[in-house]
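Each of the two complexes below includes chain A, the first together with chain B, the second together with chain C.
Take a look at the complex of A and B:
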């Protein structure tokens, strides 16, 4: 009982000086709505935050030995992994936690998208979340240059090279990012500053804003409802659940880090140190970026050298920017959700986006390419496209059945267009972009007709609209 | 419009304009040095012809190609099937990866996005938008090899 009194005394002492009683009262009263959505979606942001905390702690530990520099960056990581007691574990935890953070962040983002929690008044929560997502990708990108190995060198060459297609500031930005015209050790110094200083500070600041916005507005009720009747106490009920999840995350993280210290060995998901970066060595066969960049990597391969008067990579960058901007602006594009009405088209847009990314990822892995038996030792692109289509189409069919049976979805134009795109390209042998254009045109046609019908245009009235 | 003219230049409006202009000037004076600081200085250094080192020649004999620095450029030097030396820019015109010479198929290949070039540097397949720049390579009488870059 004396502890209890000490506890009370401390609270009283603080309250007398800082007036914290309202804050304590607020925490006592705070509730989390239940019954609206499955609870599981409420925890993914917390899981992402947990992995980010692990990143900061393991990152600080790596900093105690890591030395950026031409003769030291690669060597110090090798020293950490081979000599420092448990150094391999710290690096393994840092790498695993990075991948798990991005995984939980992506699931968190897609769940928010599917539940339409971005609709008013929560548009800025979505936008800050989108910026946090971009910063996290920046973390991944700047982080994998730091070991100064071959993969790092080429990944950074490609990743930074694409900014040169930006109009006006492209050349300046390229030089600023690289610290010179080429990727050199100067690039590593700049990325080091970004990775351990600029990005963490920005991310912590923005996470605070993101959390304050959520705190201010509470969880979004399901679409069509204004209030959820039931709630559970935030403290201690929800917090204990959160802690339990974090404990599970930690257990999973440590298990993975122990059993697979260099990743599962899938291209884009492993972090063997490999050879030291050598600017005078050619890129090695089978080089791939991290899994969350694979879709851009594959898209770069799909663009022809020239199209519509632009160079392929420029147009590709334009398409990726357009897709990202659309994603960021969803709260304003989804007009049904803005009026708190069901918006099946945007649910379908989310599913279509997943199919789109999944297919590019499968292709990037060269599944079914049979590189060993081909005459030039390279995977056969047509065979890869066919195999990946044969994987994606059943997955899409199963997803659609699940959506019909469980979620009562009735709108499949966009996801259907993506499946058509995949089928035309993989099974019909049409080029990726041409197949995409056909599918997009068909989808636009169907959506146009649907919109016209929904607007209820009667004959004779059409001209005035 | 004529009635609106006197109200245009109130004291408040003029002061606001001056204040706005001074804020812009202040921001510019803060950001100009930052922008200049971030852009690295152009690299100084020799850009004339480079002679292949012993290590480069060994690489050339062993792998059929070597990538050598000539000033700021990286140049791919290789021996074509007829035994003649050729030199091409080693930076892929797609996304800047370093290409390699594949002797078996007599082509230049970039592993990053599967771009292929012929031995003259012209694009054969894949996404690269431009040919590789050709450079000059000479085998001197003493057997040493000299590479000089052509400005594109």
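Take a look at the complex of A and C:
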């Protein structure tokens, strides 16, 4: 007995009582597949989980001093960042970690999409991931209001206002979200309840499901390979690498939090406290949401007040809902991947989606609008569209060259259509929606023709076999 | 604009004549009455439409162009009823009846060849017209009559005489405006002493005393038709318009030729140009700050008089009270009184008063204090050194205030607690203002009362700066230490991974 190491004795002690030997065995045997794509994509979920853990811990610390209320919310945050020992650090870490969490989550989601890891039998992992993504956006939106400062107040007014245009339930939902017809302190109370109670409980539950699914099924091997050719052991090899990454994330987080305590200063990516919210003050122009909502904000601006007998915002939200639903249902839509075959069209769909989001984001930042020199102080929309197109087109060209050269991609209809959309709008001066309709029609035509030819899509993407 | 009563369509059908006018076509086939005018008419209540019917039936309005002009005014319901019930304005706006353009009220007087004051749109916007005191109120006659009454011709002096001698105008306006009982029924808050003041003013003395009709009277500033209250931004007597209104005469060298100052020099005409450049003019005209003075705030309006040496300083004190009080207790006050110098303008100027600057006290940039001391105070070393002391102290405080304010921004950006420093800079800002004001007392001890506090505040700010820098050093050192530990841990982890993987 005495030559048993302490950890082995503990395991034995636990096994005698709880029968954990199979679990230990499972962890010993578990392997992570190493295949045709770089390992880095396997770590992004872990990084997201790390930032989420930081959020919970820093959030609890903030909660010890934060007091929601008309006379206390703003004041308590001010108190936290000025008087509480290391309060400035905790708030800064909480904000930085929030943005980094969403960043790694978005990259994680897109890498899963590009690697087609959503294919059977992992459809539910994708769907739970999608719901986690939506909940995270809810976290961002509800947390933004809590400091009760001017910018948060107006951004929340504008943000909640857009649900008004949902058919039938819009007005009702607006009242429910705001706790009344306008954004008031009642809105803050319910956002606070959502942010520190409802969302964390739901998210932790769902993360558990997401992780259990992954542990049960293992990581997805590269497409086309039914059997994992080779793998590395999950424990301790993969876990140690995970730890190394988490350590790097922590170092980056603390450095950023100290050197840039209010964010990098990009619109939608800063958390300067500013003035306390004053519901009676007039909203000032140019209020923008956080960066991950910018694309919806910009898309809403692209719609005219009325279109096809519907209100513009209504139609826009319909389009957004359609896009989101398509995204959530990808595991069932992508028939090639279902059969473990390359699906170049969906790879291209992912790239097209990135171009689509990127262009809207660039536009929302009014890049090239030269607002300072314009007589009314507002950016020139045509100049913004032109500049953003000139940024996106070279990026798209470089991406495409990379795809051709490295990944041997051969199918570019959807990403090409998005580039055409951007070019028609930014360089041709066609309105955003009209340009989109032309590009979509053209893409539909090309896909129709391809589908008619029986061997249409299959010979396209090779991947790196 | 309408909205007073909803359309009441029941019972109204336009007579043949009105229908004909509304549907009339131009020679080129287009309608006389455009869509906008027609929409305006359609939205009127039946009561107003009936009035249109009536003027069409009685042929007071018999031409489509006349009807179009009236509709194009888009008057509110109450106003259009006043208009149509007043035969003077209906008839005098009819181009078919008025063959002399000087008698025609037109929406486009230039095109119609009418004088500028015969602008129909302006006339119906007039404060008098809107209160129901229309043409007959001044011109006489009865607005219900179809014909011109003799009284109209008798009421005013003949046109030739009117143009030559304008002395009758103030008295004419005063019939109502100097009658408190009458004015109570229209504008109870409006004073009724304008005529009494005007008689005492330079303008009044010239016009009424010397029969100089070049002198301004009521119409010169308020206009004839289209008079608006001073609150209206389009009024000639709105604060922002006053400089141009006064300048119409006072900046016109030809008009002002022959007028002289008490010292015999010709009256200058550069006041308007000077005012526009001045700190007051820029505040009022460029920033739209209605608290800044226009001509009338210093010179008076109805009682406009050139301010004398004794009164000018009191005029400035109405706004700059603190500076005035400090000056009153100063040595300068005594000297200025002895020499008969006007107080404030001696250093600051009058119409062209510039924004004050600390360099006004400096010997290098502005010889203001030192030249005067040389000429009038035997170049007193004590006086000069006081001026220098003021300049040095204020410059130190101003520089301190500026650098501490910049520090507040830097603290904010670095996430340091800027609140205590921000309180210091705010108080310093007030102290600096106070010291600048106390220069007018020309007394070191009075100045030092606050300047001392300013120096203390700068020292406090510097201490806070040191504390904050120490805090920031603590933070960055802490970060370095934490990063060091993490890098070490990272290396250990990496080595461990290498070790495990080499074992296979």
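By our rule, the second predicted complex is superposed on the first by the 447 of 465 C-alpha atoms of A that agree within 3 Å, B and C clash if a C-alpha of one lies under 4 Å from a C-alpha of the other, contacts with A are read in each partner's own complex, and residues count from 1 in each chain.
We take it that a contact is a pair of C-beta atoms (placed from the backbone, for glycine too) under 8 Å apart; a residue touches a chain by one contact, two chains touch by 3 or more.
Every value quoted in this text rests on a predicted model; they were computed, and no experiment measured them.
When the shared chain is aligned, no partner comes close enough to touch A:10: not chain B, not chain C.
When the two complexes are overlaid on their common chain A, residue A:172 makes contact with chain B while staying clear of chain C.
By the touch criterion stated above, A:305 is placed in contact with chain B alone, chain C being left untouched.
By the touch criterion stated above, A:444 is placed in contact with neither chain B nor chain C.
Legend: residue contacts after superposition of the two complexes on their common chain; A:236 is shown touching chain C, with no touch to chain B. In the superposed model, A:287 lies in contact with chain B only, and not with chain C. Taking chain A as the reference chain, the count of touched residues is higher for B when chain B and chain C are set side by side. Note for the complex: chain A touches chain B at residues 154, 157-158, 161-162, 172, 175-176, 178-182, 186, 279-287, 297, 300-306, 311-313, 376, 378. Within the complex formed with chain A, the chain B residues making contact are 38-40, 43, 67-69, 72, 74, 76, 90, 94-100, 102, 104-105, 110-114, 123, 126-130. Chain C makes touch with chain A in their complex at residues 413-417, 419, 475-476, 479, 482-483, 486-487, 489-490, 493-494, 496-497, 500-501. Touching chain C in their complex are the following residues of chain A: 81-83, 88-89, 92, 232, 236-237, 240-241, 243-244, 247-248, 250-251, 254-255, 258, 261-262.
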